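Scroll down for the structure; my scribbles are underneath it.
The first chain written gets the first letter, and so on, giving A, B and C; residue counts start at 1 in each chain.
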Amino acid sequence: MAIFDIFLLEALLNGVLLGGVLALLSLGLNLIFGVIDVVWICYAELIMLGMYGMYFLYTVYHAPIVAAAAVCIVAVAILGVLLHVLVIAPLLGAAPINQLLATGGVLFFLQSAATVLFGVEFKNLGLRLPVLKAAGMFISYSRLLAFVAALVGMVLVYLFMTRTYTGTAIRAIAQDRQIIPLMGVNSRRIYLVTSALGGGLAGLAACLLVLQYDVHPFVGLSFGPITFLICVLGSLGNFVGGFVAAFVFAEIIALGGLYLDLEWGYVFAFAFFIVMMFVRPEGLMARRS
Amino acid sequence: MLKIAGLTKRFGGFTAVSNVSFEVEKGEILGLIGPNGSGKSTIFNMVSGTLAPNSGSIQFDGREIAGQPPHRIINLGIGRTFQIPRPFRRLSLVENVVLAGFYGQGRRSRREAFEAAERALGLVGLPTDRGATVEGLGAAALKKLELAKALATAPKLLLADESLSGLDEHEMDQAADLLRRICRDLDVTIVWVEHIMGVLMRVVDRVMVLDHGEKIAEGQPAAVASDPRVIEVYLGTQAAAVRAAAGAARA
Amino acid sequence: MTRYLPWLGGLALIGLPFVYTAPYPMHILIIILIWSFAYTSWSVMGRFGLVSLGHGGFMGIGAYATALAWNYWHISPWIGAPMALLAGALLAVVVAYPCFRFRIIGHYFALVTLALSGIVLQVITATRDYTGGSLGYTPERYQSGSSFYALQFTGKTTWYLIALGVWAAGLYVWHRVDRSMLRYALEAISEDEDGAAAAGVHVTLEKLKITVLSAAMTALAGALYCQYQMFISPDTVSGIAVSLQMVFAVVVGGIYVPLGPTVGAVITILLAEVLRVSFGTRAVGWDNLVYGILLVIFIIFLPKGILGSLLALRRAS
């Protein structure tokens, strides 16, 4: 029984660590939805490209890992801006669902572009971080590092949002889109900054995920859907809701993975999501009126 | 016919409707007036099922309907119009009304729905040809469409929400006559919410005044219009209108 | 003359396999018909603004339930396919009911259903001991050659006629919905749910009806695909990619016209085939690459789709 409890505790702890990365993913998506009112269906595919970037810079071209990470974050941020300028901006006046489907087209494009360019083989950094042994539990450094970096990333975003004028404008728009014309802010600039920020967060997530997972063209599918569920459960555009929901989902996945396969963790998470819709249809964090 | 007791609705900390009770008799036209935000539309939303009340009861023909979904309430015989017309632009003019006729009467038959729609459109004076679209209808015609949609559901009780705002003098008179005719000829009981008091006072049998979610007066139009509390509520911009309305009601 | 055009076209399609039997073009035609039916099934609800990205899930259920019932319990596809259809409908109710009841619409609905198709793929992969996982799955051959009981036919002509019949039935359903009161209700709902409710429409129920219809049709498409190909894998019949592929084809063809999904299927499948034939294995990924770009371009410049825009042009002139 004692061993069983250790496993349980280890799974719980791993859940918390996974939650940090999921929270980072949902923050990026929520930011874009809250400000621009579009959902980037291809968000996880941007991450996939970032992971490939890390693989090539670090493993193939032997760049220092920190420099590689910095380059990746900036590169994915630029991809985010390109996505906005090329696909979202022409559709800002169109039906919302068209914007969503267009990013679906981008998803297709990025997946197959990766297939064509990099092939379907699984690739990894070839970097083995040590495993931390504490109180009989095994916690990998890569997960711990990902968790800490995700938290740092979120704190940085928080500081940006509260301490800078642009950040305050972004928060204001996320809360109430009606104010855009009243604030006298240049919405085009705000949209570009938000897209870059959302892309940058995807880039950071890519650097962290590539430490734990192999990269292949379809890797986005393994965490894209779960990120969408987290955002819907936490109420799209609600940063705090997304944060809380990320940890709830991460625990469900971790515990599901403990007793069955990891895939079943996802299935449980989805079942939980359906149940939650009955219990709290306004979203996890919504106050009851 | 409609019996409302202790009706209360809160939005967060704000009480939109507070302990309001009133009754509507079969065959009458009851006017419901009050300044903006006094709770008139909220009461309509609760009676028609769009909102659920926090407390209180709404009885229609002796049956409790508070908190029931809108589609069920319509099938019991309560139709409504919206303050701001809500035409379905992807449907043709006739289809708009047929939809209400079909679903509002408990999905009886397609043919009956078309007949009800044609009757309702004819009554309010809108074209009944299948090709007519909603695009390009003016404010007055959209109000008529709202009314036709509500009538096609064959209501026993009609909740008419500010049907006349945005119309000119002549159109207002026409619309008021129409409500009168609907009440008399079709035997439909009407509760009529309105900003513009002049026309309303001439048509209604009784009037009820709301202010800040509370009922402050109820009775014959003439008596209500000379009630000091009502005059106080309407003091300022509308005081003259109230006095004029009182004059009109007496005449 | 134009009145008889559909009948003449229908007769020509029925007569085709009796004059022309080259296997490869027949195979492409059958595939086009099956996918056209799947895309039509999607558009039955998609045209009302109910954009589901979960239809990959329904198709997967249809295909796998039919195949599993046959292999494990020897249930003939004649029973298995309706069962699969029911399973698809049931899944649709379980997911769509809370969505509709609690006003999860637009973006939110698309994301929840997107997750659904992801999850169905995960389940098929996770139950690899029964479904073969990502390696795919084959319904067992019954005796050898063709069998009506096992719904297995070696001849392309039989399959062509079956697929043609199902495709025509799909168009008929589209037409029936178009002429029904349900269409009025759903058009109204897509514009203004409160307004529709005020006209007496039970919003949740009407949306659920069309979703269940659409999901069940899509599951049938999955069952049909399984029986024809005699091989299914999670990636070809389920998952987000299949869901997006459906949306893509319908958007390209035209979402508001009955033959739009069919035109979309013809274009996308021919495109993929041309790429495959001319580039061979090097074409892996290229078809989706082109799809992706085309989808974005179509949504920006031609949101009515090819057929939809052509019809609109003809009406305008």
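Following the convention adopted for this analysis, a residue touches a chain if its C-beta (ideal position, glycine included) is under 8 Å from a C-beta of that chain, and two chains touch if they have at least 3 such contacts.
Quick caveat, the model's predicted, so the values are computed rather than measured.
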Between the pairs A-C and B-C, the one where more C-beta pairs touch = A-C
Central chain (distance from its CA mean to the mean of all protein CA atoms) | C
Mean-CA-position distance for chain B and chain A (Å) = 50
Note: chain C sits from chain A at a C-alpha centroid distance in Å of 31
Which whole number of Å gives the spacing of the CA centres of chain B and chain C?
-> 46
By residue number and range, which residues of chain C touch two or more other chains?
-> none
Out of chain A, which residues touch more than one other chain, so two or more?
-> none
Quick one: in the complex, what on chain C touches chain A?
-> 49, 51, 53, 94-95, 98-99, 101-104, 106-108, 110-112, 114-116, 118-119, 121-123, 125-126, 239-241, 244, 247-248, 251, 284-289, 291-296, 299-300, 303
Spell out the part of chain A that touches chain C in their complex, as residue ranges.
-> 33, 39, 41, 87, 90-91, 94-98, 100-102, 104-113, 115-116, 120, 217, 221, 224-226, 228-229, 231-232, 236, 260-261, 263-264, 266-267, 270, 273-274, 277-278, 281-282
Partner chain C, residues of chain B touching it in the complex | 48-50, 69-71, 74-75, 80, 82, 86, 88-91, 95, 98-100, 102-107, 110, 113, 149, 153
For the complex, which residues does chain C have touching chain B?
-> 181, 184-185, 187-188, 190-192, 194-203
